[in-house]
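Chains: A, B, C and D, in written order; residue numbering restarts at 1 for each.
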Amino acid sequence: MLLDASDCQLVLVDYQARLMPAIAHGEEVLDRAGRLAALATLFGVPCWGTEQVPDKLGTMPATLRRACQQVWAKAAFDASDTPLQQHLCASPRPAGNARSLPRHLQKPAAPPRHTVVLAGCEAHVCVMQTALTLLEHDELEVVVVTDACGSRRERDRDAAFDRLAAEGATLVTTEMVGFEWLRSARDERFAQALAILK
Amino acid sequence: MLLDASDCQLVLVDYQARLMPAIAHGEEVLDRAGRLAALATLFGVPCWGTEQVPDKLGTMPATLRRACQQVWAKAAFDASDTPLQQHLCASPRPAGNARSLPRHLQKPAAPPRHTVVLAGCEAHVCVMQTALTLLEHDELEVVVVTDACGSRRERDRDAAFDRLAAEGATLVTTEMVGFEWLRSARDERFAQALAILK
Amino acid sequence: MLLDASDCQLVLVDYQARLMPAIAHGEEVLDRAGRLAALATLFGVPCWGTEQVPDKLGTMPATLRRACQQVWAKAAFDASDTPLQQHLCASPRPAGNARSLPRHLQKPAAPPRHTVVLAGCEAHVCVMQTALTLLEHDELEVVVVTDACGSRRERDRDAAFDRLAAEGATLVTTEMVGFEWLRSARDERFAQALAILK
Amino acid sequence: MLLDASDCQLVLVDYQARLMPAIAHGEEVLDRAGRLAALATLFGVPCWGTEQVPDKLGTMPATLRRACQQVWAKAAFDASDTPLQQHLCASPRPAGNARSLPRHLQKPAAPPRHTVVLAGCEAHVCVMQTALTLLEHDELEVVVVTDACGSRRERDRDAAFDRLAAEGATLVTTEMVGFEWLRSARDERFAQALAILK
C-alpha cells in the first residue's frame, strides 16, 4: 500500500548530539532525518520527537527539534514512559450528530492518522523497541525509514530491519516517503519536494 | 507459479532519455529492457509503455517504443492518470450464448491476461508505485523484472525490491521470463528466444 | 521441520558436461552434487536424474549417473515431458485388508516419500521450473540445496533462490542434508557421512 | 514482540574447545556467548548448556559452564537424547485451590517461561536442529541470537538463519537481548548491563 501524507505521522527517535558520532554512517543518517523533517513540514505531516536520557546523551539538532510538535525525554527504550503512544492514537471526538447519540451507540473513533513513520537511532534498540510496541496497536501501520536509521554496529542495524520486516513493519527509504507523499509531478509542492530530496 | 506467455502483459515504465544516464547500471538496465521487449514481440505478449512528463525527461528509445501497443505520458508516479489500469484489466465481452443471457446472469468477465510483468525506472518511485497500485486489483498477478529495473541509488532500488516482495509481488529476472514463456527447448521459437537472451 | 531420510527422494537436475563449464563456481557446484549423491546412496534415499537435450548439452558425470535409479532425457525445462513427477508421486498399492474394500472406500494412497530434495543447473531455469511445478503437488515438500545449484549469472541464481523461498520451497545446504539424514553422532553411518561431508 | 526477561530461558549449544577453532569468526562468537551468559546471570534468566560428544569435542569454557544450571552431553544433534526439552517445557504444579479441583477440571499448566533464546555452534547443525525441534512445541517461542552463533562455512551459517526465519524462529543479536531484558535506562541493572554489552 502506498503511503498517504494525510494518513501519516512522523516520529524522530533519539538523534542526539552525544549518540550520533558513534553511529555507523551517522552523518548520512542525520542528513536523511533532516530531509524527512523538511518533507513532514512541507506536507503538513505531524512530527514528534523523542530523546533518550537527554541529560546524558544531549539533545537532537535544533533543525530537527523545530520540525517536531513536541519532543519527549524518556528512559524507556520504547518510549512507553512518554505520552507518545497516546498522541499517535489520539482521535478527535466524533463531530455533529454522532455526539448526540448515547455513548454506548457511538462508534469508537478511529485514530485520525493510522500510519506511523519512524526513523532514528539506534535502529536495533530504541527504534526497534518503539516500533514493536506500536505494532501491538492493530489500528496502526508501522513504517520504518531505513536510510534514516543507524546503529553503532551495522550488523545490529541490519538485524533490526530483518526482524522489523518479519514482525509486520514496512521498510521504506527517505525517497520513497517523499515521492509517495507527493504522488504526482503535477502536485504544487513538486519543486519544493525535489529540492529537499536531491 | 510459472509465468505463462498467454496470460501475461508487459509494461515498460519510464525508460526515458534524460532519466537513464542518472540510473545506476543504466546501460545494463536498458539492455535488459530491450530483451524483454523483443521477447514480448516473439511471444505475442501485449506490451504497454509509460513516460513520466516526457517534455522534461524525454521519450523512451525508439526500439522500446516500437514494441509497445501504446505509450502514455503521465505525471502521476503510479500512472493512475493514464488509461493503463483499464487496459490491463480490460476484458473482451463474453461471446456466443452468454450474451443472450439476461445481464444479471452473465458471469463477470475475467481479464484476459492476469499477469502484469513490470520493468523500468526508477525502481523505488514509478515502478514501485505502479506495482503497489496494481496489487490492489486482486485479479492481477504483479511480477517485477529486477534486472531490468534501476534507480539512481542502489539502496533505494534494493529497498524497493524488498518492499515489493513483502507486499505480494513476484520478483523475477529477464532470463526467467524468457525461459518461462518458452517452457521447452522443443518450442519452435527456441532459437530466436536464445538469440535474444544470450 | 527437519529432513527425514526415510521420507526423502533426491533429484539431480542437468549437471551436464557442456553446461557446467559456463556455470558460476561450476566446479564447487559439481563437487557438492557428488556429495549429495554419495549421501543418498549411504542413506538409501532414492535418486533420480534429468538431462536437458543431452545430444546437445552432453550427459551428467558417470559418478552422478551411477547414483541415479533412472536418468531421463528431456526438452521441457520443468521435466514435465518425463515420468519424473509420476515417479515422485508413485505410491505402493495399499496392502492387506484395504484391498478387499470396495474401491470407493479405499483411502487414496499417500506417496511413500513426500520430500523432494532438488539440486542442479541452471538454478533459475530447469531447477526452478521443476521445483515450482512440483510445488503445485500439495502432498510434496520441495527442498532445494542451494550450494549444489548454479547458474551462469550469480544474479539469476540468487533471484531463483529468493523466488523459490517466496513460493514455499525450503532452502538448505549440502551439509544440512547430511546432518539431518544422520540426526545423531551415534548413528552407525556417522563416520561415512562425515567422510563424505568433510 | 519484545523479549521479556521473566519469560526467557537461555540455551548455550556446543561452544566446545575442539570445535570453536574451526568456526568462522569463532572468537567473536565466543565473546558474544560470554556476554549472553553474563546477561542471563544478571537478569535471573535460567541458562542450560549442551555439549556434543564431549569426549571427542571437548567441553565448553568454564565461564560459560558456570552460568548454566545444567550441561548435558549428547550425541543427537537436536539434543533430543537429553532432558533439555522436558526442562524447557517443565511447569510448576498449579498451586492452591486449583489442586483440589478434580483432575479433568484443572487447566493444563503452561510452561513458566515460553521464550527459548538459543545460541551456539554449528549454526546449521546443532543450533538449527535444536531450534527446529523446539519449534514443534507450539507453546514455545524460539529466538536465535545470530551474532553468538557460528559455523565453519559462512554460507552454511547464513543459510541456517534464513531457514530458521522461514520456519518461524525470531532472529536477534546479543545487544537486542540485553536491551530488551533491560527495557529502560532507569532499571537498576542498567550500568551492569551496559558494562557487559560495551
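Note that a residue touches a chain if its C-beta (ideal position, glycine included) is under 8 Å from a C-beta of that chain, and two chains touch if they have at least 3 such contacts.
Just so we're clear, the structure is a prediction, and the values are computed from it rather than from any experiment.
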| item | value |
| --- | --- |
| Angle (degrees, nearest 5) of the CA superposition of chain B onto chain C | 90 |
| Copies chain D and chain C - interface residue numbers shared by over half, same or different | different |
| Chain centre separation (chain A, chain B; CA means) in Å | 33 |
| Cα-centroid distance, chain B relative to chain D, in whole angstrom | 47 |
| Residues of chain A touching at least two other chains | none |
| Chain contact graph, described as a line, ring, star, complete graph or other shape | ring |
| Interface residues, chain C side, partner chain B - complex | 52-53, 75-78, 81, 124-125, 128-129, 132-133, 136, 153, 155-156, 159-160, 162-163, 166-167 |
| Residues of chain C touching chain D in the complex | 1-2, 146-147, 165, 170-173, 175-176, 179-180, 182-186 |
